[in-house]
Structure formats: structure tokens, C-alpha cells
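Note sheet for the following structure.
Letters A, B, C and D name the chains as they come in the text, with residue numbers starting at 1 for each one.
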Amino acid sequence: FCNVTLWLYQLSKAGKLCVPAMNVNDSVTKQKFDNLYCCRESILDGLKRTTDVMFGGKQVIVCGYGEVGKGCCAALKALGAIVYVTEIDPICALQACMDGFRVVKLNEVIRQVDVIITCTGNKNVVTRDQLDRMKNGSIVCNMGHSNTEIDVASLRTPELTWERVRSQVDHVIWPDGKRVILLAEGRLLNLSCSTVPTFVLSITATTQALALIELYNAPEGRYKQDVYLLPKKMDEYVASLHLATFDAHLTELSDEQAKYLGLNKNGPFKPNYYRY
Amino acid sequence: FCNVTLWLYQLSKAGKLCVPAMNVNDSVTKQKFDNLYCCRESILDGLKRTTDVMFGGKQVIVCGYGEVGKGCCAALKALGAIVYVTEIDPICALQACMDGFRVVKLNEVIRQVDVIITCTGNKNVVTRDQLDRMKNGSIVCNMGHSNTEIDVASLRTPELTWERVRSQVDHVIWPDGKRVILLAEGRLLNLSCSTVPTFVLSITATTQALALIELYNAPEGRYKQDVYLLPKKMDEYVASLHLATFDAHLTELSDEQAKYLGLNKNGPFKPNYYRY
Amino acid sequence: FCNVTLWLYQLSKAGKLCVPAMNVNDSVTKQKFDNLYCCRESILDGLKRTTDVMFGGKQVIVCGYGEVGKGCCAALKALGAIVYVTEIDPICALQACMDGFRVVKLNEVIRQVDVIITCTGNKNVVTRDQLDRMKNGSIVCNMGHSNTEIDVASLRTPELTWERVRSQVDHVIWPDGKRVILLAEGRLLNLSCSTVPTFVLSITATTQALALIELYNAPEGRYKQDVYLLPKKMDEYVASLHLATFDAHLTELSDEQAKYLGLNKNGPFKPNYYRY
Amino acid sequence: FCNVTLWLYQLSKAGKLCVPAMNVNDSVTKQKFDNLYCCRESILDGLKRTTDVMFGGKQVIVCGYGEVGKGCCAALKALGAIVYVTEIDPICALQACMDGFRVVKLNEVIRQVDVIITCTGNKNVVTRDQLDRMKNGSIVCNMGHSNTEIDVASLRTPELTWERVRSQVDHVIWPDGKRVILLAEGRLLNLSCSTVPTFVLSITATTQALALIELYNAPEGRYKQDVYLLPKKMDEYVASLHLATFDAHLTELSDEQAKYLGLNKNGPFKPNYYRY
């Protein structure tokens, strides 16, 4: 999850938030589209545009099995890569198992993988010590948050040579000739080396616009100096605005069905804790 | 989502709940395992054991794209079926689109599908009028809640003949000779015609046991006459107890990383609203 | 590939075949349906009906990546198993790599796998020595040819106890209490513990019937005392007879297109060596 | 299949081939890697680099379900597209059904698809009349042979405006403002707008080199003025040379097993008609 959001909650906890804030990052439509579905495509795109690597048969480790990690893993598995996952959270780890990925510590497979992808929001997930043990020709990149996940600073030492082979692509060369291919100097691959589809931008922008409208229109006192999730109904509205693109046809509840389920026919359709 | 849970919340709203209650159904481990991952397997198993149908090339409509529907769709697609989805909720509908399923109204495809599977928790999702229009030899079954989703009562009329061809399998025969294969008389296919893996039972039972222990051990006043979700930490504990089965190895946060993320090294690792 | 066919070719080579023979097993429709597509479903069905095993997260090794092995691997991967492959043929091994499976020797993973599936047509692919090293509760079964692939005879020794837990399911118990679950005593799982869809039977029976008609109708001298593949045109005819089941609509070549491709508008559409 | 190969066979038939020729295009390793596995990746790459289209939820029609079509379909389905297939050959059509694709005529879905991809080797598979009926913003491209599959010439008429929006991407604009996005002016997308991985080049080049060595070294008279397939053993050799890339470990036949199967321990492992 996004660190900006984390800071908002920390500000709020510390009593330092001076206006109401909407955490649009964690609305469903934002989470699933900007993170899961978008990354499922941009990991492939980012790797291809920079390295022309063939995915089939490659051994890949994805650090972190949140929405971004899930998207990366699904895409790479589908194209014939053998994917390993690292996780700190036992629930996400169990999900990775059930989705067909071996959950390992990075050190267990560091010598054999062809690609490392970080998606954790954490720092120093890949260290110099681990980079030292990677195979010649292996690729390291970051799909997570900011540029802290790979310890890139540790690679800027005199014994290693950097060779820029094209925009966003550096070969870091060890004294024995081994090359590790570092993408976007450890910054976000999806933003640096891929594009974001207009469809995803539309969803994210709609979510943000509706959040602003909600904050502006809300009666005095509904929102205090705290962090709020987008009201479920607005989240559903964002989704409904984008269904026409796919010629998708919603089913409507009959009066009898709405009554049976205790729902309003126009939504919201799910309790707040629903996970999708 | 489960209607028993719905009733608990309705009781609570009405002020009629006389003890604290844990909504274990909506803990992550329960939701994902008992619903998503378990149904992904039991839909195939239930259909095979009852009908020996070949999945490849079959046109299937899944009503409802919640956890159960997602599991059914994923499994059938993977085995070569062509799957359509109906939804009332625009968010779930958009998920279905992104996962590669056409979102339609049941009436649009009723004449062409080979199998209908209901996963809604709703009532009368498949009506007599629709059953009248199905193809000869098509299969109708329910993976959702109770036995209300298919209007089975409407099939008990004099002009239709019922023929029990084996346990849990009825051929309903129209005057023109058309047969529709009804499984488990519209009750839950996964409970009636399939089995639940011991692994899933273990997860669900652990969740329930931990919930009881929590309620029993909690200091006076922590839980009132209301419905609570299982504390995140217990949810994570359930997951961690089951990782050994898969020889999955968790990564531990370093002190520096835990501090960076503002997390305790032992969890909980996610905010309550996190969707997994 | 099928050993009966092998024997036919050996008879022919030895000059001992006294009538013309059609190798219908290697017609495309037979190969892909009876082997690839059928096994893709029956491996899941056979394992579930006998053991109720959950596929998600299980480590499985499939010995042999021919049509049967390809079907087993695809299905298990799709349902969340982690699948390893053994192969003797470098071409099939490379296919396994590109499809996302690690190609290993059985001994490399014997201690960690939950399920072994043999699909080789070979003998003693799983030996007593290997069975000795399997985990408690692991499953061994055969989807290949006859009952020789697993060295079952080697398990009939005094120190091992056999316990029949249900039809087609034996627990073989080691002195230390370890149990290995042997299905169908090493005979074909798909025939012993699963069913063959009528659709597949229809394809196979049509192929056989057309082969007999061809042999009967052929002018004197067209077929000698040798083994022949079904004429491509008949193979295509078998397929075309089964398209209506799926409401599949073929595109017809225009005269101009047929001329451009040098094809007859009614087929055959491919050279004999085409692999599909 | 490749038209150059077709011409070779036509020359041979006409008695006009003046040297022996190897049809390396139809060796297994060439077919599966240069066509199936390579196109599985390059279709995604080619579409992304030119249009940044999001695959999830898109309706795509793939014309032709040979190796190239199979690769395109598998990749797009895996990334959440809804894929339709056209075919002239009933066997390939039945394969498409079993792989989960609806087999239709182009005219049935021309108004609803977002992307058309041709993979037929044929000419005029997409005609002006069909292009007239496509949706605004739809994409048309060719992964098949030469530049004849889409009738591009028919689009060069005065009432249509062509707008080059970037290299290899033209918007063809109808009088009512509708735009169809034509890639590479109908030439091969994978060669024009994507890259070929070095791994695939290595396989193809190895196959060609071995074919030349075989022709050069063969004793007088083994090869006449005809077209030959690469000897199976060489095909296997090409594969075995590339296994180390994936750290794949072949299993060796024991003497007893080789005898049982009637095979040489070093191959060839399959009969010539084997399809992989």
C-alpha cells in the first residue's frame, strides 16, 4: 500500500492533520485498477521495452504479494515464467501458495533467478550482499514505492563499473565481468519504462474528482480533521461509469430481491469491510 | 457473502443481539479459503462427480462475481470453458471484465449456455421462464447460499417430469422432450456433491476456535452486544499456522525496516481496511 | 505415445503384419482429445474422487511431457499447484520450460513433492528407492501406459503394510508409520478412477469407424501390409462433425483465397507433417 | 505455416527445384519457438509499444489458430482479454474450442471487437467492407505472413484520411470521424513493432546452421532435388543445446528402459509424425 497514505494516517494519529482527507488510494477502483490490473500489464511492458527479455522459462522472484505483486506474478506466470514470492505477511504468503507460487526467502533463490522485482513499499529489500550473488545477466527492477526498495546506493562503489546501455538501463559490472541489469536506477519501472493506459488514468482521476466533490459538498461537520475512505457508493459510481467501455450489462435487483437482501436497488451493495 | 452474517448484523442493528458476536465468515482466511480457493476446486469436482461433463468448449454462465463466483470462473476458464458473468454490483462487474469475462444479463445468453451456476446469496436468480428457454441437456446448479437461488419450486408442475438419474441428479423433462439437468435440487453443489478438503476445514475451524478464545479471554467490556471482525492479528495467526503445509518461508522485517514502515515485526501487517 | 501403436510398427518392421493397419491413435483428433484435452480434466477428477486432495499450493511432479503430461501439467498449474516435470526428450523438455515448469530429475525433488504422476509409457519410472524417500501422505499415481510405470511390485514386501482405505486407494505404510497413497495399484488413473466424457468417446469412435470404412472401401492395392496414418481429410472430417456441439462457425475460403494458398476449398488444409 | 516453405514444395512438385532443400521452418524447435512461444510475447509487446492499449476486458478477434494464432490467443486471454477465433480448418477450430475460445465468422463480431489480429498466411482476410463496420478506436494488425492479410490497399481511397500519429501507427479516418488504428501498414507487427528475443534467434540460427552442415556432410545421394525436414535427431540436438539456459536437467533412460521402449538412449525419441 501507498506510503503517502501511510503518512496521512500518521499525521492524523499525531493530531497534525489540519483538514479532512480522503484516502482515495484505498478505494476499490483505485486499488484494483491502478495497482493490480495496471501492473499486471506494465511489468511485462516495462521489462520488454528496456531489455527485450523473453519471459518463457525465466526464473523470477517477486518481493511482496500485495496488489502490485499479485499483478506481476499473474502476468509472468501466464507467460511461462517460473515465479517465486517473498512475503512478511502470513496471509499474503498463504495467498501466494494457493495461487501456485513457492514462498521463499530471497537468499534461497538469489543465485538462480533471472529477474528480481520488488513490490513491497519497504526499504533495502534487495541488498548489496544479495546483488553480489546474482547471476551474470540477471535483471533487477522495482515496481513498489519510491526508489528505496533496491539498495542502489550500495552499487555506487569504485570496484563496480556502471554502463548506461540505453535510456533507463544500466549494466552494473563486477570486477569479474559479471553484469547485473538495473532498470530505472531502482525507481518505479511502471512509471519510468512503461505507460499507464488512459483507462486506468480515467478511473483514478474520476475517483479523485468525486472525492473532492464529496468533501466540498458535505454538510458542515460530516468530515473532521481525519482520514476517510471514499464512500462505498461513490466507489461503485466510479465503476459504473466505466462499464460502457466493455459493453458490460449490469443486472438489476427486483424489488423482491432487494428486500430479501436488505439492500437499496441502487447500492451500496456491499458492507464496508468487503474485500472484493 | 454469507446470509447468516447478514442476519447477525440485522439483529445487532435492531438491538436484539444479546451477546457479543464474531463475524468469522469475513475474516480473510475464512473468506479466501472457504469461499474463493475451495470453490475454485469444488465447482469442478461437483460437476464432474454428478454429470461427467467435459469442461473444454462449454459455455457457462456464472451468476455473481463475489469470492465464490470468482473461484468458479477462474477454474472453468482455466479448463477451457467460455464463461459469462452476471452482476448487480458495478465494482464486481468491472473486476469480471478485467479478468476476461463478458458481463451480460442472463437473458442475453440463456438460449446458448450449457451450464448455469448461481453464486449470489440472492433468491430467484434463475426463474422458470429462463429454465423454459434453456437448451436440451443443459445443467443448472447452485454454489451460493441456501436453496433459493434457482426457483426450483416453479419446476414442480404437472407438465414437467422429474427423473432421478442418480443421487443428487435430476433430469427435469419438458413436454417436448427437452431435459434440463438439475443438481442437488438447487441446494449447494459444493456441500451436496463435492467434498471440502481437510486443509480448508482446518483453516475455518482454527478461525472459529481463535474467535471463541478471544471472546472468552477478552477483558470485561472490550466486546459489547455487537458484531465484530476477528482481530487482524488472529487472522494472520491462522494463516501462519498453515504455512508449514506448503513449506513456505516467511521473510522477517529487520528492525530498521519495521521502523521505516511503522509496523511491529510480529504484525499486524495491514490496516483493517486492507482487501488482500 | 501409445505402446499398442509401437507394437504395430514393430510388427510391420519385422514383416509380420499380415493386414493393412490404421494408426488411429496418432490421428490429430484422437491424440489431442483422448490424450491432451481429456487428461487435462481426468487428472483432476481422478485425484479428487480418490483422495479429496486440495490442489492449491501442492507440489506435484509430472513424469513425461507428452500430450498426457501436457494436459496434467496445464490443469494442475491452473488450479494453483506448483508443478515440476521430468523428461528424456530435449524437445519436450524445452516445451516444459517455455510453459513455465522446472525440468528436474525425479531425485532432485522426491523429498518435497506431495504428488507424483507418471505419463511416460515407460517402465520403472518411479522406483522403490524413490518411494522410500517420499513424504508422509504423498500420493503416487499413473496416467501413462499399462501398470509398469510405478514399480508397484517392489512395494509388496513384508516390511510394508498395505491398507485399502477405499476402492482404488491403498495406503502403503512404512515401518516408521509413513504412508504413501497409491492409486489404482499403479494402473491408469483416468480409466480406473475417473470417467471419459462422451464427447471424447464420440471423437475416438468416429475416428475408428472412419478408419475401418477407409480400409474397406479403398481400391485394391492402396493399402499394403503396413501401418498407415488416417488420411488428413478424414481427420478433418471427424473434427468438423463435432463443431456443432460448440456452435462453432467455420470460415470458408473464397475461390481467390483457395487459389492463393494452393488449397482445395474443402481441405485437406495442412501438409501431413503439420503438428497442430 | 510459412509461404516460403509452400513455394519450395510447389517448386519441387513442378520439378523445378535444382538443389536439395531443408524445410527448417517446420522443424519442431523452429515452429514452436519462432512461431508459438515468440508470438505469445511479441503480440503483447507490439500492441503496447504502438498503442499503449490496456488488454484487460478488451474484445479481440484472432484470425487463424495455427502456431502464431495459438500464441496470440493464449497471451491475450491470460491478460484478461475476451478472445474470438476464426478458422477455415475444422481441426484447428476444434482446438480453439477446447482452449476456451468461441469460433465465429469475422462478420459476427466485427462491430463489437476492439482489436483484429490476422495470423493466417492468407490474403484479404480483413476486407474494406469489414473495416467500414469496425468501431471507432479499434485496432487492426497483422501477425501472419507478408502484408496481404489486411486489404490495406482498399483503405487508400479519397474519402478516407490517413494520419500518421507515430512511427508504425496510422489513424485511418472515415468521413464521419471514425478512426481505425492500423499498425505497420498491415505488415508484420512482430517484426515491425516488437523485437525478437535473442533466445529465439539462437534457436532459429542453430537450426539453420545444422541444416546446412547436414546437407554439406551428407553422403552423395542421400538428398535429391527435393524438400526435406530436418532429421529428428538434429531437431533434438538444437533443443538440448538450449536447455542449460533454463538450468533444465534431462532424465536419462536406463539400458532396461531403452530396450523396453525400443529406443536408442541418445535419441531420436519420437517417430517422425509426432506432433509435440
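By our rule, a residue touches a chain if its C-beta (ideal position, glycine included) is under 8 Å from a C-beta of that chain, and two chains touch if they have at least 3 such contacts.
Not measured: the values here are computed from a predicted model.
**Q** Quick check: more C-beta contact pairs at B-C or at A-B?
**A** A-B
**Q** Please identify which chain has its centre, taken as the mean of its CA atoms, farthest from the centre of chain B.
**A** Centroid comparison gives D as the farthest chain from chain B.
**Q** Please work out the Cα centroid separation of chain A and chain B, and write it as a whole number of Å.
**A** 26
**Q** Would you kindly tell me how far, in whole Å, the mean C-alpha position of chain D lies from that of chain B?
**A** One centre to the other, that is 40 Å.
**Q** Just curious, how far off is chain C from chain B if you go by their C-alpha centres, in Å?
**A** 33
**Q** Of all residues in chain C, which are in touch with two or more distinct other chains?
**A** Counting only residues that touch two or more other chains, chain C contributes 37, 56-57, 79-80, 97-98, 102, 246.
**Q** Graph of touching chains, which shape: line, ring, star, complete, other?
**A** Drawn as a graph, the chains make a fully connected set, so complete.
**Q** Can you check the complex and tell me which residues of chain B touch chain D?
**A** Touching chain D: residues 56-57, 77, 79-82, 97-102 of chain B.
**Q** Considering only the defined contacts, which chain C positions touch chain B in the complex?
**A** Per the touch definition, chain C meets chain B at residues 37-38, 40-41, 44-45, 48-49, 52-57, 59, 75, 78-80, 112, 194-195, 197-200, 245-247.
**Q** Show me the residue ranges of chain C that touch chain D in the complex, using the header's touch definition.
**A** Contact set of chain C toward chain D: 1, 6, 9-10, 26, 28-29, 31-33, 37, 86-98, 102-106, 108, 121-124, 229, 235-237, 239-240, 242-243, 246, 248-254, 256-257, 260-262, 267, 269-276.
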